[in-house]
Amino acid sequence: MIDTFMTVAYLMVVAVTIGSVAALLQKDLLRAAFISGAESIALAFLFHALLAPDLGLTQAVVGTVLMPGIIILAILKTRRDEESD
Amino acid sequence: MGSIDCLYDRIKRYLSGFFIGKGLTDALTGYSSGELQIAVFLMVLAALFRVLMVPLGIMLLLGVAVLLYNFAPIIRVVDRENSNDLNRVLFWVVVYLSIIVAVTLWG
Amino acid sequence: MIEVSLQLLTFLAASLLIIIGIAGMLFLDNLIKKLISFTLLSDGVNLALVSLGYVPGGIVPILEPGASISDFPKEAALIFGPGIVLTNIVIGVSTTAILAALIIMLYKRYGTLKASKVLKGEME
Amino acid sequence: MSETVVNLWSIPLLVVIPILTAIVLNLLYNRVRAIRVASVVSAAALLVVSIVSPYGLQWFTGQPGVASDGSYTYSTSIFSWKLSLEYYFGPLQQILIFTSSLLLLFVVVISTRSLKKDFGPYVAIMFLTYFSTVAVIMVNDFYHLWIVVEIGSLLVAGLVAASGAGSAQKAALKYTFFSALSGSGLAIALALILGITGYANISDAISFLMMTDLGNMYNVLYISFAFLMLSWIYAGGLAPIHPLKSDVYRSAFPHATVLLQAQSKVMLVAIGLVLLRMFGGLPFAREAMLSISLLTMILGVVMALIQTDFRWILAYLIVSHSGLVTVGISLGTPLGIVGGLFQAVNDIVYMSVLLLCCEMLLYFNNGTSIRSSGGIAKKVPWLAAFAILGAFAASGIPPFNGFQSELILIQAALGGGLPEVAAVILMVSVSTFIALFRGIYSIFLKPSTNPLPEGSESASSPPRGMPIILGILVAITLILGVYPQLALDFLTESAVKVVYVPWVP
């Protein structure tokens, strides 16, 4: 049981790293915001694995709802695609 | 003809090349005094190394004097490097931080 | 299979996040991308702080009824890091909000999100 | 066990009144008279509290004190002064808070007169900036230090962006991006110090460092020193950050810049003293601080020399004089620290005189550029007189206060065996004179070349009472110049404590 927990934790470490790179590589800013939100879920799980469940809850709420919400608001008020020139 | 006159002439000629026309008097005062200020400051900074070793201070002082004579109007460089471009500032901050960390860890 | 400790791994992930965040803030040209890089940077700092307080094989630092008080300081994870992280999350949200507001205002004024056009250094 | 822990009544007032006022002003959104009355009354109350308050401590949480052999104790004699989160109000705090309260009162009077609409939130941000100024000088724990520096930098961005120009918004965005970096660095430094020493309280951490041999952990201490130093540079606008900070100074309204420069100088003093108390014994720590200060002084004053706008000249001069403050602190001798603290007080006052004169130029002149103006001395003689007096004070000419503090700084540099530093200080004060009088001559004294059409600038009349405010500030510079002992009495004790008993707040 411990082993599955740790395996998931290792997977989450990989997910956080890949998610952060993937978010910055997107051309579509809205998708980048969503991916950064997904990366926050993995981060919240890592907090849980690192014996800080209260922070896991906070990060889950703030990182997946509030932060991407602010960023999406900014994208909707400006523009969605990245200018290329 | 002493070298001081030559340096001054060069600075003045170079600087007045930038300001032909209306702004000549105003800006030229500031630019030439800024240039002298930077030169003196670099020499003082070189002299400060006498705290570590006296010959090192003298050598650095002479070296700075020669360099200043060669690259006379350095005020343009200072002006350019002080621009408020975010990336340029970040670059200088990274340089600073690495110098501080390196010096304190090594010393 | 070589056993890699979770703490080391999360430290690695945190430093990767911090490096990716700083590199994104330095090299990406889009203001929104810079904003996302900032959130990644603050996530990385949070992860580093939380994993500082981790005790391998420890327990959650909550004293449950019936638990032994004498063993608690040895087993419980440290709470200094998480205490800071809670504040850092809040500060991160408020900074993000201010940055987003400024980006919206600058977009309305200049019509572009390119940092090389908006944040160009101006020479007098 | 009979010893009781007594909290000082005035510290909560100093912290809570600005926050409450800010909330109330936000709610009052656009009712001009109500905002005016509420803000002026509140600022006056803060001024009175800062004058009449006794000295003391305010604690938030308790923790066991650590004894010299590393064991914990709950004895009251230690418990009474070793508590984790605390604020301290002493002589140094009193004089700096008094100065900022005075400036807050003046700035509130001016801004409620000069702005026409939507200024409830704007004045609220001013009160919060004052709060960050007051709190950062009183804190004695790293946790509050970090929070206050973060809040302060966000407020700077808000205050600058409120002036509405495009360049101001750009400056605010750049500054906030950088605050993200340095705030993260400060959080890491805080975590490292907590990890090494186990204490958030600065006094506890210092006594732990003095009692314990860290061994290999010294490297970690150096890293945390570097990050704290980054936030010091950032909060005060020292050398590598000075382009961003001078951007901030020149694109805010000049009356807002009065508060901003007071805030950044107080932060320089507060974080600088913490650095000195905590890391002063490390090799190369003071040298690193000193080199950054020297670089800031020279770069600031050289950039000020080549500007052609009075606002830009002032912005770079503020940066350069921040370097004067930190030179004194980083010399590390009691005399040097006294000089640095005295310079901070003087600097806040005379730069306010110059900035308020700059604010008046926006009413009486067509902008603040050197080239497009002239002949103000004929139109508004009192303004020219105040500007010249302020410039005299800033460049260290005898009967004014700048002279006294620069004299102490030069003496301290000579006493510390560094005559080069004294030479640089002299160069800075002379160049300040040149830079200021380039501006003042062409704006005030030079005969007007292109006379403005009469009445074109009278769209908004200047706030009344401005000569009185400027008069009070100039009088302070004169009094401090003639009787420097008035301020030195407040500062000497703090400086001596920093050097000899650094663990005492």
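Chains: A, B, C and D, in written order; residue numbering restarts at 1 for each.
By our rule, a contact is a pair of C-beta atoms (placed from the backbone, for glycine too) under 8 Å apart; a residue touches a chain by one contact, two chains touch by 3 or more.
The structure presented is a predicted model; accordingly, all values stated were derived computationally and were not measured.
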Counting C-beta pairs in contact for B-D and for B-C, the higher total belongs to B-D
How many angstrom between the C-alpha centroids of chain D and chain C?
29
When the C-alpha atoms of chain A and chain D are each averaged to a single point, how far apart are the two points in Å?
38
Going by residue number, chain B touches two or more other chains at 79, 83-86, 88, 90
Chain C: positions in contact with at least two other chains
25, 81, 103, 119, 121-122
For chain A, residue numbers touching 2 or more other chains are none
Dump the list of chain pairs that touch, please.
A-C, B-C, B-D, C-D
Note which residues of chain D are touching chain B in the complex, please.
171, 174, 177-178, 181, 219, 222-223, 225-226, 229-230, 233, 239-244, 246-247, 282-285, 288, 292, 294, 298-299, 301-303, 305-308, 370-371, 418, 420-421, 423-424, 427, 431, 434-435, 438, 442
Chain D contacts chain C in the complex at 143, 146-147, 150, 154, 157-158, 161, 166-167, 169-170, 172-174, 176-177, 179-181, 183-184, 187-188, 190-191, 194-195, 198, 200, 243, 307-309, 312
Chain C touches which residues of chain A in the complex?
6, 9-10, 13, 16-17, 20-21, 23-24, 29, 32-33, 36, 39-40, 43, 46-47, 49-55, 58-59, 62-63, 66-67, 70-71, 73-75, 77-79, 82-83
Considering the complex alone, what residue numbers of chain C touch chain A?
4, 6-7, 9-10, 12-13, 16-17, 20-21, 24, 28, 30, 32-33, 35-37, 39-40, 43, 46-47, 50-51, 53-55, 58-61, 77, 81-82, 85-86, 89, 92-93, 96-97, 100, 103-104, 107, 112-114
In the complex formed with chain D, which residues of chain C make contact?
18, 22, 25, 31, 34, 38, 41-42, 45, 48-49, 52, 80-81, 83-84, 87-88, 91, 94-95, 98-99, 102-103, 105-106, 109-110, 118-119, 121-122, 124
